[in-house]
Each structure stands twice: as C-alpha cells, then as structure tokens.
C-alpha cells in the first residue's frame, strides 16, 4: 500500500433514490417567489437544515439551473451568490477563510440581502471619500 | 478589551466588515436551527451585546473538552465569540498559576456576583467528602457549590459534567456525579459529548449573548437545537439502513461500500447529537463517515450501556435463564400432570355404574 | 334418585382429556361458532353461542386440571360449579344443542365443540339436570327395549303384514346371515314399508339377512342423554345378538343417532372392537348401485331437495352416497345452499326432539326458520331426508308453519321406484 | 433510572427474565395440557383422502363454506391482523438481526417502507377488531378482562415499535425500551392467557381433524 488512497474503500453514495425532499424544496421556492411578487418580502431556505441526499441535491441543482448573475463576496472568506435560471431565486454559499462551506441557502429576493451595503457603511464611505478628496486637492 | 465595549465596536476596531459579521450570523443561525430570517435580528442583538464574565472550572476531567474547544478552528465565528467573553478563570489556558490564579477566581466571583456564566468540565467526586479531586486543597464539590452561588447560569461541558461520564462508569470508585446532581437552584445547560462539539458551546454562548436567555433544552438539559435529533436521523448512511444494507464486519464488502454500521454496534439510533451535520476536525468527517459506529458518547452512562460493538437490537445474554426455566417449566408441568392423573384415577374409582335412577333427581 | 352434583363433577373429571384441555386453551372468544349455530342465528341471543354452552365444563377443567385453577380454587377465588348453575345450563346443553356439529366445522382454532358438549352431558345426566323428556325416553329404551316401548310380539305382527304386502320373506334369527338388520321403532310403527323395501333389495342382490328378536331396536337414548353406562347397556344388546348370530355385518337404519351409537360410539362404549362390521343402509344401497343391482323402473317427476341429517353425514361420514342415490330416483334435484357436511340441522337432533316442554318446542320451531328459508330458497315442495328423527322434527315444524312441503324417506323412495 | 439505563435493563435483565418466564410457562402449560391424554378410538376408521388431523391444521386456515359472508369482519380482520403481525415480527430487518444474533439463522427482510405500510394497516385493523369486539353482541357477551388484556398486550408492541421507528411521541431510546418492555409483557402473559392459542391451535385443529377424519369427514 503506497498511499492512503490505495486503501480500498469506495464509499458509494446511497443515492439511487430521491427522498422526495427536493421536490418539497422546489415548491417552497415557488411559494416564496409568489410572495416576493405580491408583497416584495424576501425569503430564504437553509439547505443545511434539510436531510437532502446527494441525489436530492443533484436533482435540485439541475432543476434550478444557472442564471446570468454571479456575485462573489470576499468577507471573512469567500461567498458565492449565484442567480438560478429563475429570476429572483439565488443560491448562496458562504465559505470561511479556509474555503470550507459554512452555510448554504436558497434566497428568494430581488438582490440577496448581504449584497446591499448598510446605510452606515455608505455614510462612512461618503465621509472617507470626502476626506480623501480633500487630501488630493 | 474593555468589558463595556460592544461586539460591534470590537468588530470595527478589528477592521471586520459588516458583511462578514452578517455572514457569521447567518451561519450561526443555521447551526442553531433558527430560521434564516433570524440572522439579521441576531446580528443586531449581538452587535449591541456586552462581554459577560466567564469562569471555567475543571473537575474530574481529561482536558479533552478544553482541547476540543481550543483546537477546533482557526479564527472564525467561534473565535469572535470567545473574544466576546471575558474568560476570567481557566486553569489550563490562563497565564497565572498558584495563588495568583486562585485570587483571580475569587476576584472574578466577587466582582461579577450573580452575573457570571460558570462553565464546568469534568464530573464531581463525592466519595470521601470529595477528597478524590481537589484544587488548591479544596474539593471540587466545595468549589462547585461556592462558584454556583454567584452564577447566572451554568454550562456543564462534556458528558462528565453533564451526566457523570466515564468517572461515573462502573464501579465508580470516586462517587462521581453530574453537576446537576449537586446544583439544583441554577439554570444548567448540559453540553454532552466526549468531547462535546465546539460549535455547540459557541452556539449556546451566542444564544445567551443574543437573547439573554438559555436556549430551549431537551429532557436531559441539552440544547434542542443540537440534540434534537439522533445521529441516525441525520446520518448520510441512513438510506442503507432503510434498504437493509448492513456492514457485517469492519472489512467486508458492505464496510467498503459504506453501508450502515447498525449491526457493528452503531449507537446512532439512540444518540442525540449534531455530529452528523457539524462533523469533526474542521468538518472533515465524523465517526460513522470514518467507518466506525457511533458509541453514543453524548448519552448518559454510555460506557455501561452494553458493548460498543454489539448491535442495538441485540440483547446482552437473553438465553441466560432459559435452560433453568425450561427445567422448572417441565417439572411444574409434570407435577401438575401427576396430580391430574391422580385426580382422574380418583374420579374413575369413585365412578358408580349409572342406573336409571341415577339420572333422576 | 341418586343423581348429585358430586357425581356430575366426578363424571366430568373422568371425561376431561387432552383434546378438551387443548380446545379450551385455544379459544379466543371470536364468536364464529355462534354464526354456525342455528339456535343463535335464528334467535340472535348470544347465550346460544356454542362455546358459552360449555362454560361449566371449562370451569371444572380449569379448577381440577390446571395449576393456576387449582391454586385459585384453594384460595377460594374460583367460582365453583353449582347445582343451580347446571340446572340453568340444561337449556343450553340440551334444548338448544342438537349435537349437530356445525360449530366444530367452523372454529378457526379447530375446537370440536360438539365433542365437548357430548362430554358435558355425562356430568349433566348424573347430576340430574337432563330434561325430563330425554330421561323418560332413556327409561323406556332401557326398560322396554325402545324409546316408544315397542315389544317383539308387536314387531312380529308388523313383519307378518310386511311379508303379506311385499311378497318377500323377512328372516328372523337366522344364524350365519351376512347382515343383521336393525330398525328404529319409528320405522316399525310409522314406515313399515321400509322393511318390505329392504327385503326386496336384499333378495334382488342375493344377500342373506336377518332380524334379531333380541335386538331389533337401533336407537340409543343413552347417547342422547349423554350417559355412557346406559348407552353401553343399550348397545350391548345389539352386539351380543349380532355376535350370537355370527353375522358379518350389522345394518344401521337411516336414523342418525342410531348410526352414531352403533358405528362410532359402540366399540368405545364396549371397550373393544366388534367382531362384525357396521354399515349404514345408504352405504349398502350405494354399493349395490355401484354394482348395478339397484335399477329403477321410473323416476319421481317432481323436483326435490335433500336434507342431510347431521349424525349420518357431517358426524357420521356417509358423505357421497345420499346424493348419488337420490339422483338415481329423481328427475330434478335442487340442492340447498348449505349442504352435505355443511348442512343445517332440522332442530331436533341430539335428543332435543324428545323434550316436550313448551319452551323447548317453541325454540325448536324458531330454529326451524333456518331450514324453512333453505327449503324456500330451492323453490321445491318435496324434500327427501334419511333420518327418522329428522323426519318427525321436520314434519312437526312444517305443520307448525303450515308449509305445503312433502317429506320423503330416501330408502323408501328408492324402494318404491325399484324395478320389480 | 434514565432512558439508557431503562433500555439497558429491558435489553438485559428484563429480557432474561421475560424469556425465562416465557419458556417456563410455555412448557409447564403444554405439559399440563397434553399429558391429560385421551382414549384410543376403537371404532374402525373410514379412510378418506384429505380427512386427517394434518389436513385440518392447514385447511382450517381457510374460511369454511359461506362463513366469510356471514362474518366478514371476523375473517378479514383476523386475516389482516394475524398476517400483519407475522410480517412485522418476522420480516422487519432489526428483528431478523435479533434472531440471527440468538440462533445464527437469518433470512431476507422487507424494505422499511413496506413494513411501515403493513404496520399502519395492522394497527388500524386491530382497532377495528377491538371495535367489533365491543360492538358485536356475541363477542361482547363472550369477552372477559382477559380478552381485552390480550388485545392490549398484542397492540402495544406493534404501536410502540412503530412509534419508535418513526420517532414519534417519545425519544427513540425511551420508545425502543417501551417496545421491548411491551414485548416482554406479551411473552410473560402468553402461556397464561388465550394468547397460548398461537401454539395450541395446531394441536386443537389436529384433534378435531383426527376425530372427524377417522369417520371419513374432511373438516
């Protein structure tokens, strides 16, 4: 045995069957999207809290597909926010500084909440820009 | 760090962005099984939170719990939370030693009386008036009673503090008991596990900081957010169990294919913990993923609950009395049989040939 | 007047055996036996549930032959069987049970309830709780030779008439004959044609036969009342006569319980196998039919249905002969829905027809509604049967309900249509 | 006693005691019943194909002519719940493992989903059967405390087993322990209640078939 990879363990994913959970997630997304249209209220689903099998995840990913927008956020590790083929439905994946996934959500919103800068931050930015300009001039 | 400083102040000083903080809160909410919408509220509350004083007392323990927490992660949300508390006494970690450290303890207790959080790891020895385990000449029992008096809440960290753990296992020579066996008048959170999962303590602290209360607990005093479901319920090998595919030995085809370890003694179905979702070693894996069944370490008296390698459905030695029982059963039956025969013979002997007059009364 | 509770319980202790113990242990109180019992189906009263009729026997079994029951009895926790209780049970064990055996056919755990009722009657009889009607029938059989008190000279008289009418000789006390023929008093008195028919058939087939002046009566009220000592006394007359004449076979008449008494209970009552074979008249006729000896000159034109007597068919095992024979002699046979071994009783078997109390007769008429419905379902006005006791019970009930159903005996019917 | 202690007790000492009492009671009762013996039948037998005790053991599992129509609840209810009990007891994977660990023999189990469905149907049928016992005049008339006890002792293991597998009502550990405990109660009571019919019915059918079979009547 030359390396650890030679140990003959081949874990098969128990994925022959869909649990039916993925379908439920999809219909919840549809509900949230409807609510977004009606009231403008955003919603999200914590994917980690659901016992989705690998097959469920693949199925869900295939169904949601890919949209036009991908946002990368560098904040204490990388976060990737991808629009799905359904406008307003986002896949949000947060990683830590070591690139481990720490949380995963489906967010149903015009723009994922975390993308929008906070008022205080804009205030700070404005002040900082003003002072920077002063220094230049 | 100033005790009056809020987390938000601290964050800004450290140059941490608001988005980073929001991201932590989202992850924390997910961990604590709170709805994603709670993240924003959490972020706001946490931002305004003040640092509580924490006193950490180690009793009959192996330091595994401390190791688990301190070695868990690179600075992340846990690190942030630990920055948020004022850890005023922790023997293993503190720089002070000897009298100095004892003074630190007394000071912390006095200054924050009624407000500090008390963390205990290790069981409490009660044998010989607690003489089996002493710190600076005082028994754990004594120390616990004193420290508990001024505590706002107690966190029993690890299975020893929560349930007595391995020191309490048969034959329990030190008379080890759980914190909750001694302290009855304070809110106690049991964070069981041998060792417990680091993010669980972070989650409990975050909850305490955010909402000012302890999280919802199960019947054994454990936070439901983490101990609400069994390992089995969230195990990725669960479908194999449902399909009836079981590894029979640790090196057979089934084991290689990653089938269910139920028959190899996995205690997943009776063990409430979050290992299957949070995992261990920087989220690398957890015991079942590494090919070994769960030993049920977060449950009371797991050490004495039948062998680790004996399937849950298998009784220990059920045919123990069967031989003797069979003998007694046959003997009882035979005795009745003899008596019955005698009774029938007596009836036959008492038989008088019926004549016509015998059928009229 | 020596019947007593103690004798009764003693008798029960003698007859309780492993099957009884097994049956009581197996009962799950499912109540299916009630659905098989015409006394329940026609009255709707749950007290007629067959297993309930066995309650006293069950308690004696438990209290005398199980450890827990014995302990309970010693501790005074067991409810003892009393005279009053047995008296009240008389209706359940005699009036409303004809030993028809239908419940034994349906019990899902396999309990033979009829077997147990027969045993319970042993205790009922010697504790003095048998109905007066059956007691007097038994008395007449033991003292006078038959339930109707018929004596040999009267039989001789009938024989003379039969010989004159039929032109066939009726042999009496012929040693070495192949068959000794038994009769029931009812046949001698009400259907003497039966004897003539037999004579004709025997002669045609060339079989030697005889009557015995010492034992012509086949019926055995000892079986009906449920007393083995008396039943043995009655059956031993036949056995002694047959063995004295040295016959090969004894021919049982149509009568159901007579066949039960001599064919199935007889050797067990005597405690030894017989030196002769017991044959039911229908078995003999069916055998002759098979040999082509039995030829009909014509057939009955009216459509008929058939009532199968319980003791001959279900409890006696003469399963196929009756229908086969009937089909020889009728143009149209319309069977009842429940037939053969699943037939419904006439309501008067097991001695019930001998109970002449008004309540028992009323109950018998109520139970007959089952048969009435069966007859009406077939839509025919002629019913054939092959048991004298069934015939009397059915006739009484048909009169009671003013039905226009004609009853025929199978053997007579055959004899009537037999080629000369 | 906490739940793991409880589970450990029922799996250990409790089961030892229950199995011991079951074997003791069963042998005692069977010896007590069958050593009563019976007289030899001296009447010459009439041999007919299909008429014997052995035939009746099998044949009596089928409803006799016209009885199904008369008592559909008793028959269908009886069939479904007996079959359901048989399937859940002998074809649920953990039960097979248990037998294997004790006796070393094993056989293929049924998928959990099938067992779930069978259990639900069986539970519902048992409720129906109980309802029938209370409602049907004959059954109500015949019923004693022992009948209701036997029903409960049979129903509880099925119910607790289902709740344990489905994680309903109580934590799994407690439910599993209650399940095992209920089975132990069933085992202990079996020889001393009507539940003993699971064994004696075979002998009873044999006797009945033998008695009639000797007369040439297949029953």
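By written order: A, B, C and D. Residues from 1 in each chain.
The rule is simple: a residue touches a chain if its C-beta (ideal position, glycine included) is under 8 Å from a C-beta of that chain, and two chains touch if they have at least 3 such contacts.
Note that the structure is a prediction, hence the values are computed from the model and not measured.
With steps allowed only between chains in touch, the distance from chain B over to chain D comes to 1. Between A-B and C-D, more contacting C-beta pairs join the chains of C-D. Most remote chain with respect to chain C, judged by CA-atom centres, is A. Once the centre of each chain is set as its mean CA position, chain A and chain B turn out to be 32 Å apart.
Separating the centre of chain A from that of chain D, both taken as means of CA atoms, is a distance of 55 Å. Note: centroid distance chain A to chain C, computed from Cα atoms, is 89 Å.
Chain centres here are Cα averages; for chain C and chain D they lie 38 Å apart. Residue positions of chain D with contacts to 2 or more other chains are 28-29, 32, 35-36.
Among the residues of chain A, none is found touching two or more other chains. In chain B, the residues that reach two or more other chains under the touch definition are 233, 243, 332, 336, 340, 344.
Contacting chain pairs (ordered by label): A-B, B-C, B-D, C-D. Residues of chain D touching chain C in their complex: 28-29, 32-39, 41-44, 46, 48, 56-57, 60-61, 64-67, 70-71, 74, 78, 136-144, 147, 150, 192, 194, 196-197, 200-201, 203-209, 211-212, 215-219. Of all residues in chain D, those touching chain B in their complex are 2-5, 7-8, 11-12, 15-17, 19-32, 35-36, 93-95, 97-98, 101-102, 108-109, 111-113, 167, 171-173, 176.
Chain B contributes residues 332, 335-336, 339-340, 343-344, 346-348, 350-361 to its touches with chain C in the complex. By the touch rule above, chain C contacts chain B in their complex via residues 1-4, 7, 10-11, 13-14, 16, 64-67, 70, 125-130, 135, 138-139, 142-143, 225, 227-230.
Across the complex, chain C meets chain D through its residues 16-23, 25-32, 34-36, 40, 44, 46-47, 49, 51-52, 65-68, 104-112, 115, 263-268, 270-273, 277, 314-317, 319, 337-338, 341-342.
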